[in-house]
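See the structures that follow.
Across the two complexes that follow, subunit A remains constant while its partner is subunit B and subsequently subunit C.
Coming up: the complex of A and B.
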């Protein structure tokens, strides 16, 4: 047992290797972009990259909660669309103070999560199809706010959520740091986080261990809806007008972020997702700055998702191999 | 008369345990032979070797005196060997005849060739003429009663050239009346020269339909006997099935003063648990024995609040509790080591320490929410050494441990809850002898300060660790006695024979 205590906090090389590989990859990508575009990632553009990372990592973190509990969400980007226009509509058409509008929008996004969560947990609906349906309803509802037209944000206060600065750092970055910090703490350090991981590992065992599985599933979908609402608000405020399709294309990028994180840390987790979101955001932005059309970013991100999946599967196969195959048993005999 | 199929010196090992050890088996043409033995005796391994699902490590199989190679299921099918499993696998929305010819609809090798339903149906009717049974082949099978599904499954086996039919507990889902329809079909098949291996737990069926029986124990064939004039010595069979018991496996039963802790009254759940009452006492191990399918698994879940029930009262420490979820059970100091370890027992891909603390995570939570990892490590360390879990570190994922060590972690998780009622359901399935001994020891130690209920389909285990024994059959308690007033044979007789 003495030995146990020593090895306890030491991570094995196999655990550290993916972290190193991905860090090197991240640096390499930045270097390549720097060589191709000397202006890339200079002090002036650092904030624009961080802004992008804030948008993606918040949505992807919401998705991470759902992936952790072993479910799949195909609705978060659609909820983000709906929440984004809802936010603009509340400020421009209803005339609500931006701060209250933010709160109401977060609640609005969370409500869509409640619906999916209840359907998937209490009524045992299949997660993928249910989330597509609920997301599509949310997306359709977005048009009710905008009447299929842009909602222009004229006042500076209306765009403040994207452009205000505290100590020269833009507000979205502060929000990202605070919200993701809390999420990380919840998932890795608290009782609730343990319950999330238990439900993901085996809902039956979790249930028998006294965990309210349905409640955890509903909370995960609510968090998914709330966090993607931040993304919706950031992106609409940033472009200066509310449009329904603003966050429509973030789906592959968010999945890439989660699965890159999974590949690095061997489990879906908040810190992994932040890592993944940074990687994909830098690639997307780099390609945009190389004045390639925007769809190149999506294309590359989808390819990264495939690679991330491959890496996480490789590890899965490794584990399978640890169990001695039938043949070796025969030889023993 | 020479044997139709002969199995000689077959051995099959699983991770060091011999499921079949130099076993012999033979069967004549047109003979119906019962295959008997307690769980883990090697019956199902034998039929899986014969039907090509497992490849044997050693030994040979002869058909009509010639050695044959059965290495995969298709080899067995080509030789005319078909198996009908306990719960026949069918596509519920397909009709009877579609299920009969499932997988052999077409002789055409084209990828997309149209189905000829008419021809298929005509063929099915031909088959029914040969084996006249009352069965609706035009209805989707989910609408059919159990016996017709069973017949369709057997017809599927007969639709191919079938010389040996293996029936794995075919009557487990049938009613008394339906059984006789099945027996008629078996007699018909026999008259047509089909040999049948009949696996069952019910000895009265053996007397009724079988020509002979073989008893397996610990992977070895113990007895082969012919049945003359329907006379079967039940006691002799039960004795052969059990053999010498391993007394040294069980720790001595130290008696303690008892005190009622948990009472379950008149609980009814579906057709699986029928008016069961029991009293768990501190200082005593209550053993409940029943065969697989007798309702023991369901009972373990109902008294832990993880399965719905129609009726019943649960009284803990003199107060009635509303047992609506496992959380209520845990809060009231009741813990279940579930029967299906892989599906219910542990959290795969998560560490030993995570698994150990999950049911009572409050103990390591600091200031209401923050998990104290240092305390978690220390607490787990103590329990891991107490249970002798063989692992280099408590960070190891539980699914990477052996079955015995996995179960020890599940027990450790229970110990961590400091419960005063422990329910163990099938605690030693797929567990090596060392771990078995450790678990029995733990059970005996626990009963000093807590009530322990052990529910199992292994009679020896129940007899070996319990102070008070109940036997369950078809959802009812059919016997309850103190351990001194009964023995394993008595228990098994009650569990097998219908009153």
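Coming up: the complex of A and C.
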């Protein structure tokens, strides 16, 4: 069987199908919510949905970097907890200006990423367990800041990161657009992005072709820590007080977001993650606005995660069809 | 004499010394309140169900996969049992349904991992989220109180008994550990578990039906978690708990990986899990008695886990050696 350029360039039906399916699903969900609740997607609730999407998509993008390089992170939500409390502590107890506090918190979140990254890349610790351990240390040190009490944010300037508006659009949405825009540009248009994907595909060949694999892994974990710190700050500022367990429950949602993106675009990528984050956030928020209990949102998210994983398997079968039969047999063995 | 010392101080026994060290440190710091037989019974009582919950996960991790669904399996079992028991059926019937619900979760994750070849971590995250949501939905988020009737069950009266300072639940944990140790060390099945952990492809090509072994592993894992959930429901909480909490998750993985330091160096095993369950209970109990900050418990557990993983990684690398490896590896 000859593979001519036309077959290679032509996007197969299996490749386009998920994009169509998920777009239709997203529109369908919005329409259903709109019919059931006339108040859904009014100008005020659009911003609250976008706010939620900003929180989830930033954390999920951090996770995307780590999944792209073929590692798994179980610590990002715990780092987010710690960073959020650190942010409140810096402003209220230390009295630092909010802008500097934001910068310091991002550095703080990045430091946990540095620790995991060095342990996983240089010392070759297994990624899942190491991230759980580092995450638990981060979570424990969150209690050192808050002393196991709420840190209340009284002044408007302290909550500004969640509530300030630039041209009537809330600040988190601007931050999401700028940060994720930069991430998208790096991953899709620059050499660094190619390096991430090649490390994920095969670290050995990446190393042999002259990529500093350890550095890429450390950068990915740093980005994971920094981006989830944004989520921690948004969610704590939004609720008006700093608590250690604020971002504890975002883990399944972020994994759903990344894997939905993977299912749609056939690779873990930034735009896919944003799409996935929008889908899961709209479902969760829509169900919350219908005053359904929160756990139904969790259940639906878990089901979507499983469906997304199933659809991402379609890619595998699709590729197999394109490879000549003798070769695919060898690969199977 | 020298030989005796050498056998005594082998790396395989390091976890026993850690246990003795932790115990002695708290004996000195906290005084008689810590080493009274009442408190020791308490520590063992806490470590029993914790160890039972993690036996199955130990095997799953030993075979190179992960299972993070165990706290949710426990809570689903707990809620199902409480709901059915309160609805008026017998405790045995309720227990069967409760464990059945837990087993169903294990079966789903096994199907996702074996049939659909999902990443074990991701599929168990999905299963645990769904199972946790189901557990909460049974009561709508509140605990189901069983205080008035839980003490009529057989398991309750069994767990109340003591033999010397040893509570019955701890003895049950030891018995289960002994059975599982026999399976893991003396049977072909046990050898397959560790072989799959080292090289799944080689085991498959040798003609072993790996999918059957994986299926059994996930079912055993769910069974252990469900049984532990039942024990917690009846004896510790005396209520159906919808959220068993993140502490189980963290404690669990700390235990499994600390356990890899004992007996089979660098490989997770059941006896090691039991010993590290006692260590963790000692740690929690002792730090609480000293009035230490909550964060200290969390921090020390995290550091213990990191140390455990570090030792396992280094010993494994030492055993495999570096011949034929690239600089990156």
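General observations
By our rule, the second predicted complex is superposed on the first by the 303 of 333 C-alpha atoms of A that agree within 3 Å, B and C clash if a C-alpha of one lies under 4 Å from a C-alpha of the other, contacts with A are read in each partner's own complex, and residues count from 1 in each chain.
One rule holds for everything that comes next: a residue touches a chain if its C-beta (ideal position, glycine included) is under 8 Å from a C-beta of that chain, and two chains touch if they have at least 3 such contacts.
Just so it is clear, the structure is predicted and the values come from calculations on it, not from any experiment.
In the superposed pair of complexes, A:126 makes contact with subunit C only, with no contact to subunit B.
Looking at the shared chain after the overlay, A:267 reaches subunit B, while subunit C stays out of its contact range. Shared-chain residue A:173: touches no atom of subunit B or subunit C. Within the superposed three-chain model, A:208 lies in touch with subunit B and with subunit C [touch as defined at top]. In the superposition on chain A, A:137 makes contact with subunit C only, while subunit B stays out of contact range.
With both structures placed on the common chain, the touch criterion links A:311 to neither subunit B nor subunit C.
By the touch criterion defined above, A:198 reaches subunit B but does not reach subunit C. Of the two partners subunit B and subunit C, more residues of subunit A are touched by C.
Of the two partner chains placed by the overlay, only subunit B lies in contact with A:189; subunit C stays clear of it.
For the contact definition in use here, the residues of subunit A common to its subunit B contact set and its subunit C contact set are 204, 207-208. Those residues of subunit A whose C-beta lies close enough to touch subunit B in the complex are 1, 3-5, 7-8, 189-195, 197-198, 201-202, 204-212, 267, 319, 322, 324, 326, 329-330, 332-333.
On subunit A, the positions that touch subunit C within their shared complex are 72, 74, 119, 123-126, 128-130, 132-137, 139-144, 148, 203-204, 207-208, 213-214, 248, 251-252, 255, 259, 293, 295-296, 298-299, 301-303, 305-306, 309-310, 313. Of all residues in subunit C, those touching subunit A in their complex are 66, 68, 112, 116-119, 121-123, 125-127, 129-130, 132-134, 136-137, 140-141, 246, 250, 253-254, 257, 293-299, 301-303, 305-306, 309-310, 313, 317, 326-329. Here subunit B touches subunit A in the complex through residues 11, 13-16, 55, 57-58, 304, 306, 325-327, 329-331, 336, 338, 343-350, 354, 358-359, 361-362, 365, 369-371, 377, 381, 385, 392-395, 400, 413, going by the rule given at the top.
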